[in-house]
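The next part holds the structures, each set out as structure tokens.
The two complexes that follow have chain A in common; it is paired with chain B in the first and with chain C in the second.
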Partner chain A sequence: MSYYDIDAILTDAEKLPCTFQIDVPDLGYLDNAPTQTLRAGAKVALPLWLAEMLAVANDDQGKSFVNFDLPRALGNDVIQALKADPRAVPLRDQSAHFFGLATRMMDLLAEEQELGSVLRKTFVTRATEIALHARKVGGGGKAAGGDDGASNLGVGGAGEEFLRGLDETERKLFRKAHEGAKAAKEWMENVKKH
Partner chain B sequence: MPLYGDLGNKLVQHAKRTQNLIHLPPYQAELVRAVAREVRDLDRDLKSILEPFQGSFDPTADQATACTLLVNHLSMRRNKRCLLAYHRTRADKLEELVWSGADVLDLAGQQTAGGANGVMGANDGGASSLSPQEEDYVRQYGDLLAAYKGQWTDIDLTGSLEPPRDLFIDVRVLKDAGEIQTEYGAINLTRNSQFYVRQGDVERLISQGYLQKLG
Partner chain C sequence: MALPLPPGLTHSEVAFLAEMEMVTVVPRQRLESIDLLSGQTPPLRPPHRAQLPLWLALLLKKQRRANIVPPPWLHPASLADIIHRETKGAGFSAPPPPPARANPHEPGRARRFADDDVTLSPPFQPSCTANAPAGYLPYHWLEVAESLLTHAGDDMAAPVGEVRSLLRDLVEVRAAKMRDSISELQGLERGMMLLTGVGSIELAESRGFVLGVVDGVRKIGASTEATRRDKEEMGDERDDEGSDDDMGI
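Then we have the complex of A and B:
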């Protein structure tokens, strides 16, 4: 993860549910009340770049400024659904940077072994599916020219629903797999011609 | 209520979009200024919070203030990262344009509609959307590249990597390019005319979008 990595920066903006552990008079604006003191116990959604450091910083008794919970994208509902069938969950609806977020959370919560293994299995299962779709797509003509990252993946048919639910990491994977298959095909045709 | 760092995030979303475009979208001068302003505001807040302590602030004695300062500091650092990443993304793109031979500065000011010339990834439009600093950067980077290339006169470092099939090709002129000198005499490139020329003579013009390769 590079300092300049755009996706890493956007992942850092994902919000975590946080609970403040101390009263802070000047931070009321974080809870939509600029004029009031932010009380200990207040629940505020903070971006990862803020939550992480506030949670890590602590006083001599080891008490930190905030405690954070798992984001909803990694909540029990989603994890249960992923356990049932990783391919059936549109991850993008949970977070556009689902795996980026998941990786960051696992760095912070190394003790969540079970969560980690569910996520790993999810990634592997879906990656296989992605590779399958990437080979099929655009087999006929040229794939839709501009991959503007938003939607233009030039997909049709049954896989559409699944592909729409890919998060950023998976989209990159899809694009790479697709380009690879296309380039290999072009090369083969070239070899035959000459 | 907008939080500190929200504007920076917007800037990075612009950068994200830029990564997937062929041309360079307009420079977000307004947004960049707003983010820089936010950093200055935060810095001023920070100074005024610290002032009464006369440089002897003890974080363990005053948790609440320490927390406020940390939030302030992190917000500034976040904004810095967003600003740098935005500009770096654009600078990368500009270098790419210079290497691909797009006449970035020539295009400045004139909004060319995206051309139909897919040859060698020709680039149109967008150049008019540089900030003054970026224009400067492109100019100097171009000079640097020219000086570097100048060391080898018999090889074109920015030439096409594809080995040519034929020495000669058919081209159509998309924009008036004036007269060029070739081994076989001068050719006057007027719009919509068609020529059979040596590929090496016109490669540059193709990549700049003056000519279109046929067939």
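Then we have the complex of A and C:
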């Protein structure tokens, strides 16, 4: 993850549900009450980078400023659905940077062992599916240049819906797999010319 | 700075390298030996077979000065046999055995080399000549097969269409296998893929994708792995988590 990685930056901007543990003067505008004190116990959605800083920092009694929960994208509903069938969940609807977010959350909450194994299974199962679709797209139509134009020919409606539900990491994978298949096809056609 | 090219060789580069493979030709005209960087080519005397690099053989073929003897593994029976093995068994079919090594389980496979300057390392191992073993796919199988089918179709042992459709089947079977081997990564204890017997063009095709998947699995497993390692060492070595993140592939 490089400093200039735009996906890492956007992942850091994902919102987490946070609960303030202390009163903060003049921070009420976060909770739609400008110029007032933000009371302890207020629930506010904060971006990941801020929530992380505030959760790690302590005041002089050793109490952290905020507590945060798993975001809704990694909530119980989604995890149960992923356990049932990883391919059926449109991850992009949960978060455009689902896997980036999940990796960050697992770094922060080290006790989430089960989440890790579910995510790994999800990622691998969906990657297999992505490879299948990318290959079909490459071999299906003459218009191998545009993903959208060609995906109708080989994949069909259900496949297109699956592809729309890919998060950014998976889209990159799809692009790589598709480029590979496309290069293979171009090479095949080139052999005949020379 | 990002390089414009992805890591690894592109398809055309791989195909270019595949033209170094030695093939067997039956010359139609005499041709004296030529000095090449890789050594001298054998002098061509019409009824006698000779081994030439693929690029030279294709050139002579186009000029109608030689016919190419297809390698035995490109015979339809051999291809059908390989497809059968690929569909039945797990894993990719084995690469050709190193030459001149007797295997007690497969008698008759041991061969002797006539030439004195023999290079046995895989890129130069003559696995596409007329006396290569049938039933094994060499590293450059798809590239060599494609160029031979395209440019020397009339020298094939069977109609080009038949061989080509068998090759297509083989490509599909092996691509499906590549996807299956990705799904083996989901078990927590196995973080690796076996790629023995995969051809160079297949590697070029799926390199980006497979590396992406392995990298993704590594990122997802990084924190779990760090926790596990912490537990094992019972120490507070949280800093090796950071170095784990930096390790790019």
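Everything that follows uses one rule, which is that the second predicted complex is superposed on the first by the 170 of 194 C-alpha atoms of A that agree within 3 Å, B and C clash if a C-alpha of one lies under 4 Å from a C-alpha of the other, contacts with A are read in each partner's own complex, and residues count from 1 in each chain.
Definition applied: a residue touches a chain if its C-beta (ideal position, glycine included) is under 8 Å from a C-beta of that chain, and two chains touch if they have at least 3 such contacts.
Predicted model only: the values in this text are computed from it and were never measured.
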Original post:
In the superposed arrangement, which partner chain does A:6 touch: chain B (first), chain C (second), both, or neither?
Top reply: first
**OP:** Have a look at where A:53 lands relative to chain B and chain C in the superposition and call it first, second, both or neither.
**Re:** first
Subject >> Touching partner for A:162 - first (chain B), second (chain C), both, neither >> reply: neither
Subject >> Contacts of A:29 with chain B and chain C, given as first, second, both or neither >> reply: first
Subject >> Which superposed partner A:65 touches (first chain B, second chain C, both, neither) >> reply: first
**OP:** Would you sort A:98 into first (chain B), second (chain C), both or neither based on which partner it touches?
**Re:** neither
Subject >> Residues of chain A touching chain B in the complex >> reply: 3-7, 9-10, 12-13, 22-27, 29-30, 32, 34, 47, 49-50, 53-54, 57, 59-60, 65, 146-149
**OP:** Can you check the complex and tell me which residues of chain C touch chain A?
**Re:** 6, 10-12, 15, 146-147, 150, 175, 178-180, 182-183, 185-186, 188, 201, 204-209, 212-213, 216-217, 219-224, 226-227, 241, 245
Original post:
Considering the complex alone, what residue numbers of chain A touch chain C?
Top reply: 1, 99, 102-103, 106-107, 110, 113, 116-117, 119-121, 123-125, 127-128, 131-132, 134-135, 169, 172-173, 176-177, 179-181, 183-184, 186-188, 190-192
Original post:
What residues on chain B touch chain A, complex-wise?
Top reply: 1, 3, 5, 9, 12-13, 15-17, 19-22, 49, 59-60, 63-65, 67-68, 70-71, 74-75, 78, 81-82, 84-85, 88-89
